[in-house]
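So, here's a batch of structures to check.
Shared between the two complexes below is chain A, which has chain B as its partner in the first and chain C in the second.
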Partner chain A sequence: MSISQSPHPVPRTALRDSPWLRFGLQRLTGLLVSFVLLVTVTFVIIPLIPGDPAAAIAGPEASGAEIARIRGELGLDQPLHVQFFDYVGGLLTLDLGTSFASGQDVSAMILARLPFTGQLALFAILLTLIVSVPVGMLVAVLTHGGRRPWLDHVFNAVTSLVYSVPQYVMATLLVSVFAVGFRIFPAAGAETLLSLVLPTLALMLLPICVVSRVVRRETTVVLDQDYIRTARGWRIGRVRMFGRYVLPNVITTTLTLSGLILASQLGGAVVIETVFAWPGLGQGIVDAFLARDYPVIRGTILVLGLLATLIIIVVDVILAIVDPRTVEADHD
Partner chain B sequence: MTKLARRGLWTPSMAGGLLLGLGLLVAAILAPVLLAEPAEQLTDAAGQPPSAEHWLGTDNLGRDNLARALVATRLTLLMTAGATAIAVVGGIVVGVGVWLSGPRVRKVGLRLLETAVAYPSLIFALVIAAILRPGVVSSVVAIGVAGIPSFARLTANLAAKISTTDYVTTARLLGVSPRAVALRHVLPNMAEPLLILATTVFSLSLVELSALSFIGLGVQSPDYDFGLLLNESLTQIYTQPTSVLGPSVMIVLTGVAVMLLGDALAARANPRQGRRAVRNPAGPPVVEIPDGDTALVRVEDLRVRVPGGAELVKGVSLTIEPGEVVGLVGESGSGKSLTAMSVAGLPPAELEVRADVLRVDDLNMLGHPDRGRLGREISIIYQDPGTTFNPSLRMGVQLTEVLRTHLGVGRGRANKLIADALAQVNISEPERRLRQHPHKLSGGMRQRGMIATTLVTTPKLIVADEPTTALDVTVQHEVLRQFRRIHREQGAAMLFISHDLGVVQELCDRILVMRHGEIVEQLTPGQLREGDVHHPYTQALMDAVLVVDTSPVRQEFS
Partner chain C sequence: MTNKVRALGVAAAVTVGLSACTTGGAGGTGTIQTAINAAPTTFSPWTAETRDDYDVSRLLFDTLVRRGADNKIVPALATSWESTPTEASFTIRDGATCADGTPITAEVVQNSLHAMATAEGSVFRKIVFGPGRPTISADNAAKTVTVELAQPWQDLVQGMSLVATGIVCPAGLENPEGLRRGSVKGAFSGPYVLSASSHGVSYTFALRKGFTGWPDYGDTASRGKPAQTVQVDVMPNGSSRANALLTGGMDIGTISTQDMTRFDGDEGYTAQRLPSSSLFVLFNEREGTVFADEEVRRAVVQTLSRKSFNSAATAGLGDLATTFSHDAVPCASTDSSVLIEQDVEAAKPVLRGKTIRILGLEVIGPQGAGNTYIAEALRAAGATVEIDNVDVATWSTTGTGEPDAWDLTVFAGINAGGTMYGALSPVVGPPTEAGGANWSGTEHKDVLAMVDEAMREPDDRTRCGIYQRVQETLIEGAHVMPLSYLPAQLTTRSGFSVQVHNDQVDVATMQIDGEG
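On to the complex of A and B.
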């Protein structure tokens, strides 16, 4: 999409005026700013620990030698700026330090866990979209203009009720019903494909309610637009009408929201993983917290933050491609 | 009827929310006093299943599960209230601060807030949990601070919206300082929407605080909240599956209570309009035209009404001969657009449409005629070209829709045909226009594009609903010229709606004057030109034309 990839030299003025270039530069700046902030925030975690960070990390029963070892390992005896440059230098070589608990390389630990969390979050968001876009549109069409008030009530009641059940409560309930009660699905682990069912369900039910409500509301708004009347005036068929004239206008908001939800699914996954002993980043960071394993905590928070940043940027770019007006609107 | 009911506050969801909320408050206040012993006393009756004595069984230290769930209400609610307070107060301070600051700071601030909002708040909470020792206070701080960005952004958005209202602009013009504007005008007007948002923050805080405790990073034993109870019950889920019920139900109930209250407040702030679609009885798709009836369009005793309410069109009858151009004039709300849209078969869904006869050719517009014939034989041109095109589709797709759907023309040929038609209505670079989105074209261009479609689909009837009203006077002229041209070249009949007598006089063979849903006079252009009118209303319309020659743009039925 980017103009800078064009094989032909583009006149300077055209380059400067191109909304796509501006868009690209803006997103790139945003990405950089987010990176800098994330690195800074994850860095200050340790120096900001009240009192003596090394003693706090080592725990109340630690010996003086133990505290000194941790102080040395984290470089806490160095001045702050030296610590910071060490941290950034390490990041540049993808070195996040070594785990206190296992002595393993933190980057390797995170890389091993990342695919599990990614799989869970992606699966959940894909299924969420596949279910909630058609459901939301269908309910909007069926209830448009006050038709079928019963469906309106049922839809609102069901989505509100499920919406009030946090994902981890849903997870716990699912385990007690399907794993303990009926013994259909495994309660924990990631050995078989069946193990994916309950965590994904627990993660997607709530977003399905949120997204289908938004899709429904957006569709209702679109159905009242003049251009839908125009399309009806052309007497095109229902399928084409909804697929071509309604869906693209609904999808912008849906995508924006899905990006936010996908990002928040990272948080959801962190919690859900502990229920199902799912070997992802969430389980990892909880274990690390319990063991006060600060290099792992720091590294995992950084990676989760980077993932969230990437998701936001990717959604932004997809949105710009779907709806070029967002790029041009950035002009002012 | 109570005062509350009259204000629309006493709704079922308000009642349910208050009832649940009161129940939870009672549990929060009384349970720790009355149930302290069964909730905290260790006994030998460990891991008991539900019984008359222990309704939800006991935990692995022999404590009553139900009692613990009820006692935990106090700590959970206090923590949630604390986190909500931090998020709301912090959010308002940051949000108003960002909005009050200079344009540069504001832009950067809003951008930062937007980025921060996109991050899962659990990540913020983890950062703070990593710095502070896990416990009640650090959980409240972590979740509260994590909630600040989104509340700040909402506050800033609200402030921006309110600051463009007339009263704030007036205050500013009067020289009131920005700070005073914020305190006196903006903040009070944000109170209600912010209260509604605060209920959302409350339920989010509840969910996240419980999540922190649930994964073991929040409240630490011997304190306990819903989250920690759920965590403990998970460890005994195999031996005692009912133990998860207490904390689960309590979390959900609290969430439902807050949501109901929030919904009730929101419903009161934005009452929904009661628009209801009506199902008009459908007639046969085609009607038989009696011998000797040459009219292309025949309308007899058309009545359009709001169900159970006012009649908007009161028995209109009219005919349009093939190739005839009939003008329909009248003020806004006179029923002319409704009449035209009923003729086109597209009346607003919430109105009741009745008529003795309502046909275009042999198509019964009170029935469900064949889509293909409707699409080919009737073209509609709307008032506001700014909103009649779908913003997300290229012009080419939309302008060739009828050609491709109803005339079976392939995409390439359709594009070629429509490009030629665009050139005929004086649109430059037609091929490029077809590849553009509607917002790239001017209003006049879009309207001429719409007219161009009728050049290639050759309909029998064109219904034009104030097609020139939303355009500049100079552009109006060009568009009218194109209307005359399609009439000349196609010989299509036309129903042309306007409130501008000058426009219809130029274009129409016959002019019908409408007022209050009735046709009050029928004129020829000659009569109109010579002022040979009888009805006082027509006279008034004519006088209006003489005084001001450009009519204000008005929206009908919006």
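On to the complex of A and C.
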């Protein structure tokens, strides 16, 4: 038997030295390590939360015998390593187990809530970018070289003020004014597209402040660079100059920051989801913690953790495409 | 018109349009929107454990009888009944059917009750049937079902009003897992079927065509029509529910203490305050503990003020309690002269130098303010107090499983069975470490003997006299100290209604009234 050879074989060393391959392998390893850590840490840590799931399910008026029966039914009377191997065995077949509290399939429960959280986080991050990038760049241009100091002060004051308002206060204010007061938007639930407006607003205001300030600062730094001065000297049009020379240099930091914000918003919108009765994963995990519903807590943390890691990888890939120097930097 | 003015006009029109969409209410569409605190843990009535479970089961499953005003038993699936302390016979209504069209015969009822009586995990089995296993028989020709008890249990007929005895049709009995998940449409015997659900998010119930078996509550007759659809959203936060009610996003809902006053004086709503749980001091009386001594328990009771506790725990919105059960429970004592009077000076010498560990439930007032009041009152009387305010799961775990870790707790009794026996379970009978439900650790054989006597007594008046002695024994002996009732407010938008009897909401009677 002969093995046919490619007419243009890729030298082994060349493939091994490819920065893109190395980049991909590094990210894949990161994902795998994250998965193993998430599975192990959540499994070990969650039972340390005070409170027995069986007692939580049975309620305070249940008998000791009933609590013991439920504990056996949930498998909590098994040694921890047996429970762990059961859990990992399930994960290998994509089975996240069944909820202690409801007996429902955990994957189905997470899938029911994930679109709500994803919708909210994506809307919030997209609108954050749409608002904060132009605003940050505009303020940087208008105040560049010490011009319009008043605008600089107003911008700093407003972003600082909004940033310092805790999210639950912001959410409560929005509900009070726009839902209960003017009755423009629904106060709670996720029944119509309009229901998305207030939670999105509450979720995006803080990131807008952060991202717009970062964009403003990055733009100012770029505007001071020699190549921009040269570009100006060549009388390149403003749109071309900003689109070709300023934006790509600002976008690196912005995307990195936005990726982190999006990842944190997936699981971190607990307060917003509570105030607006938004049936997302944040609300779900709070309920699961209160009920000591271990499979739901573990499954949700695992899914959120993997999604957060994936988002960061996607951002890395985008950055690598926009600015291939990041791949080279990794390689070096 | 300038462009700016035109733009403002368009914006205003859009805003008004959106407002109309969001605040129009659902009455006109035949839908009632309501909410529950948490996802139902089961759709099987037998193993229902939370208030939310009871509510969804009440929509899906019919019971033989219901409890009407003043605890009077009224017909539902059974049109009549006869009972003795050891037996009850129910006549089943003609024409009743399951959601899949299967006729509800005496045999169907027999099979369902038998399954409930033998189901693992039914906390109501003993409340309904008492100790031992009942014998249930059916006579299809006479349309009667007879329940024979292992020993006298006067609560049997009342027990048949509990949603835990909801009749599960044959399709549900054949598929217990499907029954639990709510996926067997033919299992339902009640007015609604579960037509759609997204677990933990929302549940849609559709009215069964031709269902006529509404409970006969007598003079509180219906004024409107049952909803074609009941939309139930999961909303754990009470303030969110209040916001939804105020903005038309919900028609009927229960809200908690801090939001109740938002509806005061608003003619667009009917508000009814109901006790969600009865709060009482419960002592760990196990041997070797500080409260094994009656004198110390009495001193604690003498130190505390029910009124001050109520201010801290419910902002004064709850009613003061005269016993450890809801006052709507049959035979509940309303005699405040039984209570030990406050006498802080007499208590001080007894409490000085004593160390008391309070196991606090954080939902009793904001951040457990009710427990904090108790801690401060006892400190002021000279005791050394350690307090731990925890969530429900930790509280239940510690209270039932770690008797060495606490001395005193404010017990929040739900008593979903609504019977005096149910209210007694955390205080008398086998202790938790012996497999029972008694947190106090003292069995109180004298009280159990009186309960036994009450269960054999067919005359209501005499039975209540016995239960009065039971309550006096526990209150005067400083085994418990009644405090107050944690209130919840049933809030109904104009155009909607629901019936409440004995402080219990019957969600199956939710209706859209005339203008709704």
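Here is the rule we go by: the second predicted complex is superposed on the first by the 284 of 332 C-alpha atoms of A that agree within 3 Å, B and C clash if a C-alpha of one lies under 4 Å from a C-alpha of the other, contacts with A are read in each partner's own complex, and residues count from 1 in each chain.
The rule is simple: a contact is a pair of C-beta atoms (placed from the backbone, for glycine too) under 8 Å apart; a residue touches a chain by one contact, two chains touch by 3 or more.
As the structure is a prediction and not an experimental result, all values here were calculated from the model.
Chemist: For A:Tyr245, select first, second, both or neither according to whether it touches chain B, chain C, the two together, or no partner.
Modeler: In the superposition, A:Tyr245 touches chain B alone.
Chemist: Contact-wise, after the overlay, does A:Arg147 reach chain B, chain C, both or neither (first, second, both, neither)?
Modeler: first
Chemist: Which chain makes contact with more of the residues of chain A, chain B or else chain C?
Modeler: Of chain B and chain C, B contacts more residues of chain A.
Chemist: Touch test for A:Pro50: chain B only (first), chain C only (second), both, or neither?
Modeler: A:Pro50: touches chain B and chain C.
Chemist: Figure out whether A:Ala188 sits in contact with chain B (first) or chain C (second), or with both, or with neither.
Modeler: second
Chemist: If you stack the two complexes on chain A, which partner ends up touching A:Thr274: first (chain B), second (chain C), both, or neither?
Modeler: Both partners, chain B and chain C.
Chemist: Regarding the shared-chain residue A:Leu196, is it in contact with chain B (first), chain C (second), both, or neither?
Modeler: Touch status of A:Leu196: no partner.
Chemist: Going by the contact rule set out at the top, does A:Ala320 touch chain B (first), chain C (second), both, or neither?
Modeler: Once the two structures are laid over each other on A, A:Ala320 reaches no partner at all.
Chemist: What is the contact status of A:Val303 with respect to chain B (first) and chain C (second): first, second, both, or neither?
Modeler: In the superposed model, A:Val303 contacts neither chain B nor chain C.
Chemist: In the superposed arrangement, which partner chain does A:Ala263 touch: chain B (first), chain C (second), both, or neither?
Modeler: A:Ala263: touches chain B, not chain C.
Chemist: Which residues of chain A are in contact with chain B in one complex and with chain C in the other?
Modeler: 50, 56, 175, 180, 187, 274-275, 286, 290.
Chemist: Touching chain B in the complex: which residues of chain A?
Modeler: Residues of chain A touching chain B: 30, 33-34, 41-42, 45, 48-50, 56, 144-147, 160-161, 163-166, 168-169, 172-173, 175-176, 180-181, 187, 225-237, 240, 244-245, 248-249, 252, 259-260, 263-268, 270-271, 274-275, 282, 285-286, 289-290, 294, 297-298, 301, 304-305, 308, 312, 322-325.
Chemist: Residue numbers of chain A touching chain C in their complex, please.
Modeler: Those in contact with chain C are residues 50-53, 55-70, 73, 101-104, 108-109, 112-113, 116, 175, 179-180, 182-192, 194, 274-277, 279, 283-284, 286-287, 290-292.
Chemist: Going by the contact rule set out above, which residues of chain B touch chain A in the complex?
Modeler: Contacts found on chain B: 111, 115, 117-123, 126-127, 129-134, 203, 207, 210-211, 214-217, 230, 233-234, 237-238, 241, 244, 247-248, 251-252, 255-256, 259, 263, 274-277, 344, 346, 349-350, 371-372, 374-375, 378-380, 382, 384, 387-393, 397-398, 401-402, 405-406, 437, 439.
Chemist: Which residues, counting only chain C, touch chain A once they are in their complex?
Modeler: 15, 18-19, 21-23, 35, 38-42, 49-50, 120-121, 123, 177, 180-181, 198-202, 233-237, 239-241, 243-244, 246-250, 390-401, 411-415, 422, 425-426, 430-437, 439
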